[in-house]
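The following blocks contain the structures, represented as structure tokens.
Consider the two complexes below, in which subunit A is the common component and subunit B and subunit C are the respective partners.
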Partner chain A sequence: MTGKKLLSVRNLEITFRTEGEDIPVVRDLSFDLDHGDTLGIVGESGCGKSITALSLLGLVPSPPGRISKGQILFEGEDLVQAGERRLNQVRGNDISMVFQEPMTSLNPVYTIGEQIAETARVHFGLSPAKAWARAVEMLDLVGIPSPDTRAHDFPHQLSGGMRQRVMIAIALVCEPKLLIADEPTTALDVTVQAQVFDLFQELKQKIGAAIILITHDIGVVAQMTNRVMVMYAGRKIEEGPVAEFIRDPRHPYTRGLVSCIPRLRLPPDDHPAPLFEIPGVVPSPWELNRPGCAFAPRCARAMARCRTENPVLAPLGDGRAAACWLETEAAA
Partner chain B sequence: MLKGSLRKLLNALLLMIAVLVLNFTLIHIAPGDPVEALVGEMGGATPELIAELRSRFGLDQPLYVQLGTYLGRIAQGDFGHSLYYDQPVTALIAERIGPTILLVTTALFSAIALGTVLGVFSAQRRRSVLSHLVTVISLAGFSAPVFWVGIMLILLLSVSVPLLPISGMSSADSAASGLFYILDVLHHLVLPALTLALIYLAFYSRLSRASMLEVLGSDYIRTARAKGLPKRMVIYKHALRNAILPVVTFAGLQFGQVISGAVLVETVFAWPGLGTLAFESILRRDTPTLLGILFFSAVMVVVMNLVTDVVYRRVDPRIKAR
Partner chain C sequence: MSGTQNILEVSDLKVHFPIAGGGKVYAVDGISFALPPGVAFGLVGESGSGKTTAALACARLNDITAGTIRLNGQDITRIEGEALKAARRDVQVVFQDPYASLNPRERAGAIVRRPLDLLKVGTPAERAARVDELFALVGLRPDQKELFPHQFSGGQRQRIGVARALASRPRLIICDEPVSALDVAIQAQILNLLARLKQDLGLSYLFISHDLAVVQHLCDRIAVMYLGQIVETGSRRQIFTRPSHPYTHALISAVPSPHAIGGASSRIRLMGDPPSPISPPSGCRFAGRCAHAQDRCRQAAPPLADTGEGHAVACHRANDPEVVAAREALIRAAPSG
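== the complex of A and B ==
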């Protein structure tokens, strides 16, 4: 290793062209990831977390979307500048991705064995027989019983949980350095979710790939990752190690998120309180051209300054940072 | 599986009987009968002769008796005699089916091949000139009546620029044989096939474009791209195989409807196929011939539906499981 970061995203801006106007959906986003590190990206629907993930693979749907600013440095190489040919070498090989919808993410007309094997053929130049053997091996690794016969199955013959295992097998077949999982269990039953996360935990040890886990479930982040990054309306608003983050969230939005987690065990003398919810809704990207903090309209502690100036990301020590004027002023 | 196939065959058989009864009834409900047409062509006849002709063809019997006799004959494979050509209907159809199949398969297959290619390309570049061109062509092809397209092509390629023969399947004066005969037929084939193909092309380019657009937006195409597959693999392996499914369905259905599709084109170009025969039999009230053709085309539809079913099973693994 050259000592370079595995991934370093710098001032990323992604815009979507709507009615002749470029609307930013991700703004000024920077984050780093080391080899073998695990990062959780948390946020509500529409906060830009999925599109950020797609941008790492050069898969922002274009048009209407495009990366309008910034760099995505993967082992020092800027993927924003890379051509389609180079990106195809990286995709599925160095960086791979597991999507949210296992029911529709597999091609219905090819066997699952073929869908795993073709990736190995394309990237490793394996012979069809060797690639097939590798596919069977991967199915075994992700816990599919009797993999040599199941490899001949078509996606419709598998349950949602099994299909997601196949997606994971596809993602891991080339031993990527970075695995992005975009809400990998959202579409699954709760019991199956637990199984899939167990599989992730187990594989994390075996393959040593860095993982970016995108979710809206803080519980999952606590269980799966070392570090967490919270996004709101296209910006990073808080970042830090998971344990500190859960114990002491700083940004009012993150505090809200953490208090939204239902607790099963209450102290004996405590009365069960209604579950907290954050009032209001996420602003749409169109509303974000006005000045000020995007969260201010929903924030109980918003000050005059919050409505006029966008808060800067302030370091809080221990690798933590939050974008909130309250923090900045408390530090001053 | 076997039980399912058996049920399908039984269904097809019942359908055929229903078609026979319906066709027969419909034609006999329509005003005018073959004897009137015949007498008309003869330039008139005595009432005695008319009565005699009626009784010879069995037309003086009540309708249900006629129907019974007809069905009984069909069961024995006898489709009757043409009232005009004085030939067995089966022989007539056998003689005319070749040209129709030649015309329709040429038109349909070239339209499917070219239409799919156009659709696939234009779906990939939605804003390109080619894509807009495909939309315009398919809209025009959809809207223009087939006989008008035929006449326009005649004006263009036979009258203004005398490249191609206007009608028939071979040159009347030529005694050509072997290779020259084949070339002569092909030469005559160009215009009618082109006319028919343009109509089909409009349909298939539109169908495959829409289907391809839908597939390209699907999650599994995103997966294929995220795997780092080269573009040609994403398009031709992952997208096309799925996008082709509706094309297969419609190709099967349309091939079953060869005759109805070809009637107008064959008439415009005097192509000696089943379409022309059907058209003539209607004018001449040649009921047995018309019924024979209708029955034959119904059989074609049913058979092609069964074939489509089989092909579909091969292309789409999801069907097999059911």
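== the complex of A and C ==
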């Protein structure tokens, strides 16, 4: 079978039906994740990273969306073929997810203790008393002070950082093998973001879950992950170990992403140079029914070939790969 | 005098909001700062620190409880009607959300023209010419005047917001988190635009942000706010070579750095969340989350004391060896310019 891989996504294509036409939003996407691994998925909004995450849980909104091609092999089992009953077992037990907005992801009319206990009750068949005890234990694990009192709080009584801790507690109560976090700290202040990431690191060691972290922040990727995958217009355009990726990004888009962000420096630069700009914007999916590299119109180094032929993802050694004709031709 | 007169002078500004059932939110609680011409002044802090409330007060967009605001030497704290309109020609705002801050039913050209009509700047013919000029200035094409906001990308919408703010030729622009709603690649485009306009037009910015790297990139002077008060202020060089308040240290330390692969162990971690601005603690407001707090910190509020050359810090222990050592560790761990 597929051996030891926890997750193996093969040639995934996700389409959305718009005006009678199936428009692909994720194209020919393949990636692997080992047990205990941490993978960062990076890209601008509209590049397909969130829908990829939802597809792993069978949560692509359908209609209009559907997985039109490919496999999602979780411990060898293809989740694309799995029925809703099977997916319900997988969700929470094996794979769970932390969303971006902790305010809208919690139910405002139940206490946080009830919301965590519900998950434990449904998935483990625990008695109400045992499920409650488990909820309190989880609140303690994610660093909520006086968890037995706080379990009786409603979401509105908690700060944003506390709510995100509760979301993480719900996601981890069944000790999943894979945790997907979609921009988990975007709505939080920087000092609270730092606390949440410390918590992820700590829990990763305690529980040993693999993590997929979706973010647009290269700094977060550097700090939290060991491998990175960059998506652009629904395709994987670069991947590799995080250190090499930061030091020497190979795809022109990735290079742009890494160098367009102002970086904090101590001591500061007294006359900061203008930031590197990637001109233009991400193309919308229906603009992509043309041949060639999706990034070519924004790329300063685009050649004739880039406008006619879509570059294939080519290995660059050391576990790295990039989809760029410049790299392919340099290697040839 | 006029050449060096400050564009904006804020003295002991307080903005308190009453809450239902009695009590007050001490959103801004006694802050003072001055903006010389051509300077970008960054107001940094976390949500709830009062930075946006303070900035909006400077454009007279909320009710001021106490203190004074001077714009080009004129006290604008209590002016109303035509006098306020005249003052507003000189101070305009770029808002955070380019989706929410443009009227969806108005064409881009009309949006940019609106302040000229409202503030009665120039003749109608001059206004039309000014709109063309503004579109060129922010990098939009003249034919885009006819489009509606939904036909633009986020970055282009923020360009419209900048053009509208520039319409009346203000000397001061208040930028309230102008790039935080934009994608990373688009942020660079807007930050470069703001830097170029500042240079070319000699503008001053009051720049609100929670992102220290953005503030360091764009701002010449910086004030760090915590729970309605300024805890540290100084030049870019002062703040980022001798950050002196433990809260400033924590903010700097919390920025995820692309260079710190796998996370830095030397990080300064704050416990908990900021206390409520409804009943701020007596003594130093940061004491409850500060690793260096002592009894005196909880008893008496430290004054914002100038340590020389305009660098001021509100901390009893800013010069204690323990806090100085924390700063040095922070600087050693950080990438240099």
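Criterion: the second predicted complex is superposed on the first by the 323 of 332 C-alpha atoms of A that agree within 3 Å, B and C clash if a C-alpha of one lies under 4 Å from a C-alpha of the other, contacts with A are read in each partner's own complex, and residues count from 1 in each chain.
FYI, a residue touches a chain if its C-beta (ideal position, glycine included) is under 8 Å from a C-beta of that chain, and two chains touch if they have at least 3 such contacts.
Small disclaimer: the values here were computed from a predicted structure and weren't measured.
Engineer: Please determine, from the superposition on subunit A, whether subunit B and subunit C clash or fit.
Structural biologist: On the superposed model, which is not a single observed complex, subunit B and subunit C fit side by side.
Engineer: Quick check for you: in the superposed arrangement, does A:Thr38 touch first (subunit B), second (subunit C), both or neither?
Structural biologist: Neither partner.
Engineer: Mind working out whether A:Ser55 is in touch with subunit B, subunit C, both or neither, as first, second, both or neither?
Structural biologist: neither
Engineer: Contact-wise, after the overlay, does A:Met162 reach subunit B, subunit C, both or neither (first, second, both, neither)?
Structural biologist: second
Engineer: Please work out whether A:Gly92 is in contact with subunit B alone, subunit C alone, both, or neither, and reply first, second, both or neither.
Structural biologist: Touch status of A:Gly92: first partner only.
Engineer: For A:Phe197, using the defined touch cut-off, is the partner it touches subunit B, subunit C, both, or neither? Pick first, second, both or neither.
Structural biologist: second
Engineer: Put down the vertex angle at subunit A formed with subunit B and subunit C, C-alpha centres only, nearest 10°.
Structural biologist: 80
Engineer: With the two structures laid over each other on chain A, which partner does A:Thr254 touch: subunit B (first), subunit C (second), both, or neither?
Structural biologist: The answer is neither, since A:Thr254 touches no partner chain.
Engineer: Of subunit B and subunit C, which one contacts the greater number of residues in subunit A?
Structural biologist: C
Engineer: Which partner does A:Thr15 reach: the first (subunit B), the second (subunit C), both, or neither?
Structural biologist: neither
Engineer: Now for A:Ala222: first (subunit B), second (subunit C), both, or neither, which partner does it touch?
Structural biologist: A:Ala222: touches subunit C, not subunit B.
Engineer: Quick check on the superposed model: minimum Cα to Cα separation from subunit B to subunit C, whole Å please.
Structural biologist: Nearest C-alpha atoms of the two chains are 9 Å apart.
Engineer: With the touch criterion stated at the top, can you tell me which subunit A residues are shared between the subunit B interface and the subunit C interface?
Structural biologist: In the superposed arrangement, which is not itself an observed complex, subunit A uses no residue for both subunit B and subunit C.
Engineer: Using the touch definition from the top, list the residues of subunit A that touch subunit B in their complex.
Structural biologist: The touching residues are 57, 59, 84, 87-93, 96-97, 99, 101, 104-110, 118-119, 122-123, 154, 156-157, 167, 170.
Engineer: Which residues, counting only subunit B, touch subunit A once they are in their complex?
Structural biologist: Result: residues 218-220, 222-231, 233, 237-238, 241-242, 315-318, 321 of subunit B touch subunit A.
Engineer: What residues on subunit C touch subunit A, complex-wise?
Structural biologist: Going by the criterion above, the answer is residues 46-47, 153, 155, 183-189, 191-192, 195-196, 210-214, 216-218, 236-237, 240-241, 243, 250-264, 267, 269-270, 272-273, 330-331, 334-337.
Engineer: Once bound in the complex, which stretches of subunit A touch subunit C?
Structural biologist: Interface residues on the subunit A side: 44-45, 145, 159-162, 189-195, 197-198, 201, 216-224, 226, 242-243, 246, 256-258, 260-270, 272, 274-279, 281-282.
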